[in-house]
Structures are given as C-alpha cells and as structure tokens.
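You will see two complexes here that share subunit A, one where it goes with subunit B and one where it goes with subunit C.
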Partner chain A sequence: MDRSSKLSKVYLALVFVILYTPIFYLIFYSFNSGGTMSSFKSFTFEHYKAVFADTRLIMILINTVIVALLSALLSTAIGVIGAIGIIFLKNRKSRNALLSLNNVLVVSPDVIIGASFLILFTMVGVKLGFASVLISHIAFSVPIVVIMVLPKLQEMSSTLIDAALDLGASKRDVLSRVIIPYIKPGIFAGFFLALTYSLDDFAVTFFVTGNGFSTLSVEIYSMARAGITLTINALSGLLFIVTLLLVLGYYFVTNRTKNPLRTGVSK
Partner chain B sequence: MKDIIRAVIAILIICTVLFYVNNQLNKSTGRAGSDTISVYNWGEYIDPELIKRFEKETGITVVYETFESNEAMMTKIEQGGTSYDVAMPSEYTIEKMKENDLLIPIDHSKIPNLSNIDPYFLDLPFDPGNEYSIPYFWGTVGIAFNPKLLDGQTFESWEDLWDPSLKQEVILVDGAREVMGMGLNTLGYSLNTKDEHQLQEATDKLKTLSPNIKAILGDEIVETMRRSEAAVALVWSGQAADIMYVNEDIDYAVPKEGSNLWFDNMVIPKTAANVEGAHKFINFMLDPEVAAQNADYVGYSTPNENAIPLMDPEVTADERFYPTKEMRERLEVYKNLGLETLGRYNELFLEFKMDAQ
Partner chain C sequence: MQNNTNRSFYLVPYIGWMLLFVIAPIVLVVYFSLFDLHGNFSFVNYQNFFTSVYLKMTLSSFWYAFLITAFTLVIAYPTAYWLTKTKHKQLWLLLIIIPSWINLLLKTYAFIGIFGVIGPINQLFDTLGIGTKQILYTDFSFIFVSVYIFIPFMILPIFNSLDKMNHSLIDAARDLGSSTWTTFTKVIFPLTINGVKSGIQAVFIPSLSLFMITRLIAGNKVITLGTAIEQQFLVTQNWGMGSTIAVFLILFMVIIMILTGQKEKGALSNGQIK
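Now for the complex of A and B:
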C-alpha cells in the first residue's frame, strides 16, 4: 500500500471521528445517573424511562417522524415530477429561469421562509398545526429533491429514450421502465435528504407550529431554556437510532436491486 | 419501479401505524374529550402531574404547548391562527399586549382562589386592578456567585461588583433594563427613571465596571455557572434557582440598595376559544395545594400566601428567594417607560457594551 492512500484513509477516519464524537458523547451521558454532563457517575436507564413516561414528549416525537416521512414522500414525488419537467423543457431560457427559481429557494434563509409562511397561513386562514407544518416542510424540501434528481437526469443519455420509443414503448413505459429506474438513486437520495431536513428543521417549524402541535426541534429549544437536561440526551439518542434504522432500511432496499447503483446519503 | 412502490407503501404503513399509536396515546391521556383548553407556557414551567390532575378533576382536556421568549409568544398570538386560552407572559409583555389589544379581561368572580394571593403581588403598575393578569411566579434580579472561587467574598451591595479583585470575573445578563437598572440602583436611583442626567450618570458608572466584565450572555449563564466556569453573574432569581439546583456551591444575593421585582402572570389572550375553561384553569393553579406542588417542582417563588405553609419550610424561609416584607420594600417593578425612554435605555446599554469590549 502506498503512502498517499494510507494518509487519505487516516484523514477519512479523522473526519468521521469528528463527525460522530459529539453524538456519541451525548448518547454516552444519556446513561449518566449524575444529572449533568460534567461527570459520569454510574450507568442508568432513568432518563430513557423519563422520556417514555412523558406521553406528551412521545407524541411530539411521533409527530416529528410522521411529518418527516410524509413531507419527504410528498416532496420527493413533486420534486421528481418537477425535475423531469425541467429537463424536458425545450425552451432553454425558461428552463434556466425555472432552475434559478428553484435554486433561490434552496439558498434563501429558513427564517424568511418560516416568517412568510406564518403570514401566508394566517392571511388565508389556515389554522397553525399539523397541516401548516406539513405544507411548509414539503415546500422547503421540494427544491432540494429537484437538485438531487437533476444530475441523474442530465447524465442519462437521450438515446436510451429514443431506443425505447423505437422499440415500441409507450410514453408511460418510457417513464416507468426507463427514466424512473435510471434516476432511482437520485430519488432515494432526495428522499433521505428531505427526511433529514424535515427532522431537524427549527427555523421554519418554529413559526408554523401551534394549537397543540409541535415538533421535537421546537420543543427541545424551549426545554433548553432551563438548561440542557439529560432527558434531551436520551431523546436525541432515540432519534439517532430511528434515523440509523431508516438508513439501514435504505441500504436494504438498494441492495436488493440487481443494479446496485449507490449514492451516499449526505447531509 | 417496483422497489419505489414498495418503499412508498412501507412509508405509508409506518405513518398509519404511528398515527394510530398517537391516537391511542391521545385517548389514554383523555385528550379526546370535546371540552379542551390550550395552555401556552414557558418550557419546564409547570409540574406535568398538575395538568393530569386538572384534567381528571374538571374533565377539561389540556393541550399544552411551550414557548421560550415573550416576543415569540406575542407574535404567535398577534398573528392569529392559534387558539391559546391561557398564556404566561412576563409583566412588561403584558403591558405591550394590553396596548395591542391582545387580552381579554379576567372575570374575578370566576377566580375565588384569587384570595390566596398575597395582596403585595396584586394591583401592580403594569396591570392596575389585575384586570388582565393573575400572578403565576415572581422573583428578583440579583447576584449569583461562587464563594469557592472567590475565597468567601460576599455580595451585599451592588458596589461589591466593582471590587478590583474581580477582574474579568463578572458575567452580566444581556438585558438593557437589567443592566441599566443595576447601574441606577447602585447610585440609589429608581430603575424606572426617565431623568437623562441620572441615566448618563449610571452609564458612566457602568463603564467603570468594564475591566471586571467577563461576558454578557443570555440563558447560557446558567450552564456557565453550573460548571463553575465563572464566579459572579447578574441573573434573575429563577436562573439562580436553576443554577443552585445543580451546583450547590453557588449562592445568591439581592443587594441592599434595591433591585427589580419581576412577574410571570397568567393571561387570557384574545384568541381564546374556551374562556370558561381558561378561568377554571387559572383558578385551579391558584389553589394553595396546587401552587405549592408547582412551586416545589419549578423552583421559582410562588405569590400564593396560603401555599407557603404547605411547602418545605427550608425553601420558604430562604430569604434569598422569599425576601421578607422589609426587604421587598426596596424592590421595584418595571414600569412601562414608553418607546422613547426605552430606546434611550437600549442606546445607553449598547454604548456600555461597546465600551466593555
């Protein structure tokens, strides 16, 4: 093994250590009976018990997961259709215009999006709650999905579609048997990115929660006012496990396909 | 294509299951009833057991939500789209909410338990006659300090903060009225003063504190003090209680020159859907036994006179958190100074902050 590849491996390992250390540090202290994160006394499950005893917290956790799954699902559907629409636009000018509009939404600050949603919802008369949170999560996830799917579409050679059409495929067949399977890795990547965005979004959600509906990020923020308690650690640990299971599920799904094209799930 | 469909079905099944679990939890907490009220409170500011008890006793379901700043809470209520029945703002926000017509007057005939409240905490300048608000918790502004890090130094006077031995040791809370108030109190002036000369004098006095200042922080103060990373801090008594709960070395003092007396109060916002239920909830929270249990859980001082005998005497005899009548005479509640004077306070505070760097 030559030196440079060894070095790059060490570098990679270091990066992963930095990324994962805070999470494991947090989870480690969720088992601390001491009550603070300053010193480890002894092993205990009491903080996890406290989480499970608090039905309100559990309901908020479930709400968060439902919103994340549903918004990721719907925004993936919308985003994929949008990306296909953009790529097949004949007019180059309007295609670029649409793409720029999409990119503006990706880079615009969450606070602005959240505040404008709050104003919109109250103007239209939508009650703040599940629907308002779901709609706004879908809204900020769609542009991300479009961006994840577009490169795959651009990479796909148009001869593939021509060949399919020559061989007698209908337009529907082209979509379901050629395009979708080809861009599948992009679709899954987009879905998972939308999922994580929804799970940890605070700025937008903060504005549009109400009427007894809240998500974890907003709840943890108001809990933290009284200092970070180890209950929050335990909760974060649980959420980490949930996301881990989701990612494992993703690999399980992609590994079963005959053509294991993989893309990394990045955040 | 097949595995995409499979994934979609899997997600929908998971969501349905989660919805079902949530509904079951809803029912088990008795939330399904038609009579509900929503309560909007600070994070960690009520004993959850009391909500359960209220639901059991009255059959009214409580939808409980939390906020973390007066401003955020007020924005949500002002914008509409929510239907909070009871909220717990601080006194200066109540004045703003009153001005913006966001509150419903409280019907005192429906709150018989109001008689439990110490008259000292009623009829205050921010809400004469308690037309719109009922006291929930109260406290002071003072100095939290760690004698272990300071060789036993104590803080009886605001002047003690100027002690040269405290170089780079003092943390201040990032609030214009708190810090300016400290400056004014040190000089023996009212912390509601509108006198430009006194304000200028206070700012000059504060500037001489600069060498001792370590940082000007928000809620992070609690964590910093708990870890003994700082020796002295200007804090609200609620924060001090939070700090002392974890770090027993810390002590708290309200200086003898006087200080601020703050309140969090229960109000009924304009958006309320169940005004009747809101009154019941407020009345319930004023029950001496309930108030005692709540104060025990939250750790702040209760204004409920009849709750105090039911609490741990060691806590209620603690003059740092339950100052005697004589000590309270030196405390002042913030008055609404009007936009212009408030702007002046902010300006001078900024001037001081820039100087401190």
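Now for the complex of A and C:
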C-alpha cells in the first residue's frame, strides 16, 4: 500500500515536471544576455525591453487583445441568446439537431475551420484582415458559450419563470431579473473560455489573416520559423503571467458560485 | 401564439450564425472540392486523392495520430487515476490544466530549444558520453511534442469519469476477492470508458490535422492531413485539392465520432460492457 502511494507520487511529480519544464525553460532563458537558449551568460532584462520597444509587436499584442475581448463579448451575447432559444424550443428533435450542429465547430479540426472560413470570406467578399479574424473568432466561440450556458439553464426550474410571470413580471423582467442572474456563472465561464480560445488560436487565424494583420500566435509562428530569438522568450514570460491571472480569475469566478456544501461533502 | 413567436425570436441570431458559419462552410468545402485548378467542374481531385501519394500520406497521418493517442492515453490514465486519490485534487487538476492554457506556439517553440543540437538534452547526452544526436526534425520529436501538448486534454475527461465513479463498486469487488489488477480491468476501466472515449476524441482528431508542429518540430518530414490542407490552401493555392482532403478529413472525423460515440442513457449504460 505504502509503496504504491509512493510510486504514484513520483509518477505525478514526473508528469508535473514534464508539463512545466518547457514553460520555465522559456522563461529562464528570457533573462539570458547570450543570444541562445542553451548557455546562460548573465541575467538581463534586455529582451523584455526589446518587447516593449518593438512597436510592431506591441501593436500585434493590442490587436490580439482587442480581437479576444470583442469576439468574447459578441460570441457570449449570441451564445447566451441562442442557449435560451434552445431551452425554449419544445420540439425534442429540432433541439437535438441544433445541439449537434452546435458541436460541429467544437470538434472540427482548426485546419478545416480555417480553410472553410477562408473560402467563405473570399466568396462573400470580406477583406482578409481584422474583420475576417474577428468574425471567425466570434464564429468558433459561440458554440463554446452555448455549451457553458446550457447546463445552467437546464438546471433552472421552469417554475421560477412561471412564478415571476404570475407575479406580474414582464418578459423583459423575466430575462433580466430571473434568467440572466441565475445563469451568470455559466455566462462568465463561457466568456472566459471564449477569451482564452481567441487568445490561443493559431490555425484558424493563420488561414483568415491577410498580409497587413497579425495576431500574437501567427507572429510567434513566423518568428519561430525564422529561428530562435529570445524576444519570444520574454514574450512567453509575460504571457505566462497573464494566462495564470486569467486561469485564477476563471477558477475563482466558477468556484465562488459553487454550492459551498459540495466541498464539505466530497472527499 | 404571441408567446411562441417571441420565444423563437431568441433563435434568430443563433440560427443565423449557424447557417453562415456551420452549414455554409461545409457546403462550400464540398463545392470547391469539385473544381480542378483551372476552375472546371471535375472529379479529378477525388481521383488524385486515391493515388498512392495521398493514400500513403493518409495512412501515415493515421499512424502518427494513433501513436500520439496511444502514448497520451498510457501516460494520462495513471495520472488521472492518481490525481483523484490526492487530497486537493481539484487544485492539482487545475495545475495540470494550466499548461494547456499557455499558447500552443510557445510550448512548441520551447522544444526547438530543448531538442536543439546544442540544447540541454544533447548537452546531457554529451556528458553521458552518448554524443550529440539529431533530435529535432525526427519522428520522435514530433510524437513527443504532440503527446506533450495533448496530455491535459486526455487527463481531464478521464479524471472526470474517475471522479464520478461510484467507489462502493470497487469496495464490493475487493470484498468479493478480486485482485487489484482484476478490479482495474473489470470494474474501474469499464466504468471510465466514456472518459477514455472522449479523451481519444479530443486527441485523435486534432492529431490528424496538426500542421504547425509538423512544420516547426518535424521539419516538413512528417506530413499529416492538416499539413497537406494548409499546403494546398496557402502555398500551392490549389483550393480544390485542399477542399478534397478537407472533405475526407471531415469524413474521418465523423467516423471517429461514431466509433467513440456515447449513448447517454443514464448511469446504467455506464457500467455496461459490450
């Protein structure tokens, strides 16, 4: 018994080490004054300075954040309205059909989403660049929001709405005072996920971005193809901190709303 | 009646989104697959797909995806299993998940340094007296990095199904005298098969379509279906052939979804073994 628990600890520790090594490896060498990722010369902030001095990179960073925020907001709006629509749908068959179509973009490989959106934008005549990237990020985030919001709507008892209506609430009141507050955790979770999906996306963006517009992932890809520059390392250090803050934020938002009893019951 | 129209009003933007970004793209891909390079309607792309070049590529793509999925599963299952036994398991799970939120490109880029000719692995090899090896741009580096990337996506669903499992069943198996191994193969694994299936889904399909890892880590030696699609669309500008490969990738995806599909008929079917 004791031996197996020791083994399990060693195994878990090993997995954690492997998972985190590349990340800390990147961050470690971001402070290297030498130009490579293999020999550490001396400590320096020059690569971080280089990130902030590179106006093009800063612009790309701002672009990435703007696309992420806008696409998360808009996809959350569409997704929440869609989820409410699905819940109100009484016909089981059409409901299931909608749900399976909803999942198409979630399970589709990025390459296919990217390639098919490229065709779509070219056919419709959307200029490749900011608009096409934003639209595709909204498009692939909507189903994620729906998936995050639906369970909350399903667990909401319909008597709540009936009660509100009986008490004279208007439809708008029902939405803004009963439904939305109830599903708030789901909405936040959906928004956060959409945000991170957008920040993280490479393949789709790579297809639908034109010459003039770039996001961070696409930029890192072209930098990495050109060879090792420690500017990427510095960038990864900054991104790691941002990601960590986002994850912690997400964790607290979703956990705060959990039933406090659960933590007491579950072992 | 008025109530009904009001309610279906909610569906308007959502269904609009669906028509434009789910249905239209699929229709367009199929439509474009029917045109050759000069814009003439033909089945030449489909004929090309069944030539040895593309069939070999498809097979090797599947082989790599299979290897990646198998290794990921072998590493992820014990991790998920032992994670459920830890004290603050939700916190540990979160720590497993965090690396998956770090930008994919950055993690891949890190391996360019780690596996490089003068990277730490080769330095270790050197001091051990094995000598410098070419690690980057090999099948090994491609599979290793892919497995690394996918581990959290396999752990999460398996962890969830292990976590939901009814532990009295394990106690019962123990009481009835089954060994640890029998308990695992006859009770625990069948009970968590749905988690394993969703894990396989989450790894196998993306493995077929990776293209940035092949470019950065495998040095264009490995060509997956995804690499081929990217190549046809963005380099050769042969959208017809690219669409044809995409059509097949969609078909494969549907087949995999059906094979690993789950019937949700309550808790009972979870325990069923076919």
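Points worth noting:
The working rule: the second predicted complex is superposed on the first by the 215 of 267 C-alpha atoms of A that agree within 3 Å, B and C clash if a C-alpha of one lies under 4 Å from a C-alpha of the other, contacts with A are read in each partner's own complex, and residues count from 1 in each chain.
Please note the rule applied: a residue touches a chain if its C-beta (ideal position, glycine included) is under 8 Å from a C-beta of that chain, and two chains touch if they have at least 3 such contacts.
The structure presented is a predicted model; accordingly, all values stated were derived computationally and were not measured.
By the document's definition of touching, of the two partners only subunit B reaches A:P181; subunit C does not. Look at A:L167: by the touch rule set out above, it reaches neither subunit B nor subunit C. In the superposed model, A:A139 lies in contact with subunit C only, and not with subunit B. After overlaying the two complexes on the shared chain, residue contacts for A:A224 are found with subunit B and with subunit C alike. Judged by the touch definition given at the top, the superposed model places A:I119 against both subunit B and subunit C.
Of the two partner chains, subunit B is the only one touched by A:V65; subunit C is not. Of the two partner chains placed around the shared chain by superposition, subunit C is the only one that A:A203 touches, whereas subunit B remains out of contact. Residue by residue along subunit A, subunit B and subunit C are tallied for touches, and C comes out ahead.
Shared interface residues of subunit A, touching subunit B in one complex and subunit C in the other, are 36, 38, 118-119, 206, 221, 224-225, 228. The part of subunit C that touches subunit A in the complex is made up of residues 6-8, 10-11, 13-15, 17-18, 20-26, 28-29, 32, 75, 78-79, 82-83, 85-86, 92, 94-99, 101-114, 116, 118-120, 123, 148, 151-152, 201, 205-206, 208-209, 211-212, 215-216, 225-226, 229-230, 233-234, 239, 242-243, 246, 249-250, 253, 257.
Only residues 35-36, 38, 54-56, 58-59, 62-63, 65-66, 69-70, 73, 118-119, 121-122, 125-128, 132, 176-177, 180-181, 184, 187-188, 191, 206, 209-212, 214, 219, 221-228, 249, 253, 256-257 of subunit A touch subunit B when the two sit together in their complex.
Within the complex formed with subunit C, the residues of subunit A that make contact are 5, 8-9, 11-12, 15-16, 18-23, 25-26, 29, 36-39, 78-79, 81-82, 84-86, 88-89, 98, 101-102, 104-105, 107-113, 115-120, 123, 136, 139-140, 142, 146, 171, 196, 199-200, 202-203, 206-207, 216-217, 220-221, 224-225, 228, 232, 235-236, 239-240, 243-244, 246-247, 251.
Residues of subunit B touching subunit A in their complex: 1, 3-4, 6-8, 10-12, 14-15, 18-19, 21-22, 25-26, 28-29, 38, 42-45, 48, 63-68, 72, 76, 79-83, 219, 222-223, 226-227, 242, 246.
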